[in-house]
C-alpha cells in the first residue's frame, strides 16, 4: 500500500528550477533509496516534501493527504520525520533537550518513553544527555539527528545522507540501524544516500535522480545490473 | 481676487522650495541606500550637521565677508542685531547674497564630508541590522549638542540666519524657490552621472552582491566610504539650504522629518531608481498638501491635533507600500550594460 | 573618590531596572525574529499611557495597572507581528525592510498615542503631557516606592524568564526557534506561534517598564523616542548571544549615564550633564565597533553556561 506519493513534481528555489517532473512512491513499511550524483536535486526533493523548497507544480501526498497545503510543522505532526543533511541538531540545546522537545511536539502518548526507546537504538547518546549538542562528534551528531526524528514515532522518515562524512565503520553501523528501524519498527523510509552499495543493501526500491530527473526506478538488483548507469552517474561512488 | 491669486502663488512657491530641498536630501539617501544598499537610519546626522553649520556660520561669514563691525557683540546674544546688519548687505546686492549662499554651501559640504567619514567607520564592518542601529544612534547626537552647547546655535531657542535672497525684496520667495530648484536639478544630474560612472556601477554591485563585487577586485570599504560621503555631502547641503530658506534654525531635527520621511519618499518612488527618487519626492508632497488641505477642515471636528493624523497616515502608508508594492512606483530599470560583469549577470 | 549620594545610587538602580525590562525585549525579538525592533519605543510609551489612563479615569492605585499594561502592549505587538512583519517575512524581505516596517509602525503609533493623549486631555480635563505621578507613590525608609517596585519587578521578570526559557518545554521550543527555524518547524514546533509568544513577552515587559516610568520621571508621547537609543544600547551591551545579558547591560548603562555623568560633573563642571543623552549613543557605537558580540558574547560567559 502506498503511503507516500510525489507526482510530476517541479520544484526549486525562487527562480531556480531544480526538479523536473519527478514522481516517486513509497509503500507502507518500505525502504526506498534515492541515489544520484551531487547536485542532482536529492535534497531539493526532500525539502519540497517539507515545504522548504518552492513547489511549482505537481502533488505530494502522504497517507492520502496533500502536503502542499500544510505548514511545515503540521507535516511533522502528520507523522513525517525529516533528518536533514546539515544543521540537523540544535547545538545550543543539550542532547536531552533536543530529544525532549521533538518528542513533546510529536503528540505521542508517552514522550519520555519515546525518548528512552530512541536511546536504545542509539545507546551511545545516553552518556551525553546533559551535554550541549555542539560538543558532539560528527558521528554522534548524526545519531542525535536521527534520534530527533525517531523520537516522534514517525510513519515516514526522510533521511538525507545520514552517513555523510563518516568513517566506513560508522557508515555501516548507521545504515544497519536504518535497516533495523525499517524492519523492526515498520517505519517507511526514503533514504537519500551517496553510498550506493550500502543503500542498496537495505532498500527495497531504488530511484536514480540525475539533473532533476528520475532516470531509473526499480529494485536494487536491477540497478546493480545496469553497469552503464552505475558507471556514468555513480561510478565514483560505487564504494 | 488678486489676494487669492497671490496666496496660491506663494503656496506653490513654497511647495516647490520644499520639494527641491528634500530632493537634494533624498538624493543623498538614494546614493547611500538605493544605489549602494547601506541601511541608512541616521540621515538626520548629516542634515542637522549642515543645518547647524548654516546656523553657526552664516551670520559669522556674513560679518566677515562684508567687513561688518560687530562692536564686540556675541553672535548668540547679538544674533538678531548682527543678522540684520548682514541682511542689509545682502539686500543691497544680489551678488552679496549669492556669495554668502555659496560659501555656506561649501562649508556645509565640508562638514557633511567630515560627518560622512566619521559615520562610515561602522559602515565598513557592520552588517545591515547592526549598522542601522548604529547610524540611528549617530543621528541623535547633533541634536544633543545643539541643545546643550549654546554657543553653537543658541540652544533650544535657536538663532536666525541672514536672508541670502533679501535683494529680491517682494519677490524673495520667487528668487529662493528658483535658486533651490536649480540646485536640486544640479544634485539630481550629479547623482545620475555618478550612477553611470564605474564608481556608480561598483556601488550597485555592492548592493546586489557583495561577494561578486569583492571578486572584481574593488576595495569595498573604500567604495562604501565614498558612497556615504557623497550622500552625506548632499544631505548636509540640503540641511543648510533648509535653514537658509526658513531663516532660522533650532536643535529640533527629528528622526521623523529627516530620516523617516526621506525613506518614505524613496520607497514611494522606488528604491534605487533615480527617477523614482524624484517621483517619490514630488508625489509625497502632493499627498502631503492634500492632507494639509483637509487638515484645515478636520481640525475643528477632532478632539486632537491634526498633526497626529500625519504620523498615523504616514506610518500606515509605508507599511502598505512595503507589503503591497515594495518596488515603489518606478521600479529600477537595469542600466544599459557596458561592463562584462553586468552582461554576464543578465 | 567624589561622594555619590545614596539617592543617586537609588536613581541608578531604578533606571537600570527599567532599562533592563526594555532591553531584554529587544534582545529577545532580535534573537527570534532577527530584526532590531524600532517599535519598542512605542511599546514603552503605550504601557505608560495605559497605566496613566487607568489612574486618571478610574483612580487605580499606580501599580495595579502593571499587568494590564503587560497584556495590552503584548497584544498590540501581536498586531505588528501578524499584520505587518509576518507577511514580509514570508516573502523573505530583507532586514532593512523589516526594520523600516517596525519604524513605520512606531510612527503610526506615535500618531495614535498623540491623538489619544490629546483626546484624553479634552475629555478628562487632565494634563496628559509631562505626566509625573510620583506624588502617588508610597515611601519606605526614605526611599520612594518606585525603587522597590521596579527592582522587584525586574528581578521577578529575570527569574521568571530564566525559569521559562531554561526549564520548560516552551522555553526549549523558543531556544530552538532562536537557533534554527526550519529545523524547529521540522520537529513540529509552530514557529509562528513561538515568535508570537516572544513578541507578546518582549512587548509586555516594555509595557510594564513604560507603566512604571511616570513614577520616576516624566511621561510624554515622546518618551519612547527618547529612550530607544538607550534600549538598543542595553541590548547591545548585554550582547546578543544571551538574553540575560540585557540585565547586565541595564546596570552598566545606568551607572555610566547617571553615576558616570555625576562624577564627571564633579570634575569638569555641571555643564556636562547636558550631554548625558550622548552616553548610550557613544557606548553603543564603541561596543558595536570593537566587539559586536557585546558582553554576553565574550568568552567569560561561556564558562558560566
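Just so it is clear, A, B and C label the chains in written order, and each chain counts residues from 1 on its own.
The rule is simple: a residue touches a chain if its C-beta (ideal position, glycine included) is under 8 Å from a C-beta of that chain, and two chains touch if they have at least 3 such contacts.
A quick note: this is a predicted structure, and the numbers were derived from the prediction, not measured.
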Chain occupying the middle, per Cα centroid: C
Chain pair with the higher count of C-beta pairs in contact (B-C, A-C): B-C
Separation of mean Cα positions, chain B and chain A [Å, integer]: 56
Whole-Å separation of chain centres (CA-atom averages), chain A against chain C: 43
Interchain centroid distance [CA atoms averaged], chain B/chain C, Å: 32
Sequence positions of chain C contacting 2 or more other chains: none
Per-residue multi-chain contacts in chain A, two or more chains: none
In the complex with chain A, residue positions of chain C that touch it: 169, 172-173, 175-176, 178-180, 182-192, 305
Footprint of chain B on chain C - complex, ascending: 30, 34-36, 38, 84, 87-88, 93-97, 99-101, 103-112, 114-119, 122-123, 225, 228-229, 232-233, 236, 271, 274-275, 277-278, 280-281, 284-285, 288-289, 292
Contact set on chain B toward chain C in their complex: 33, 37, 39, 41, 121-122, 125-126, 128-130, 132-134, 136-138, 140-141, 144-145, 147-149, 255-256, 260, 263, 267, 302-305, 307-316, 318-319, 322-323, 326
Interfacial residue positions of chain A with respect to chain C in the complex: 50-52, 71-73, 76-77, 81-82, 84, 87-93, 97, 100-102, 104-107, 132, 148, 152
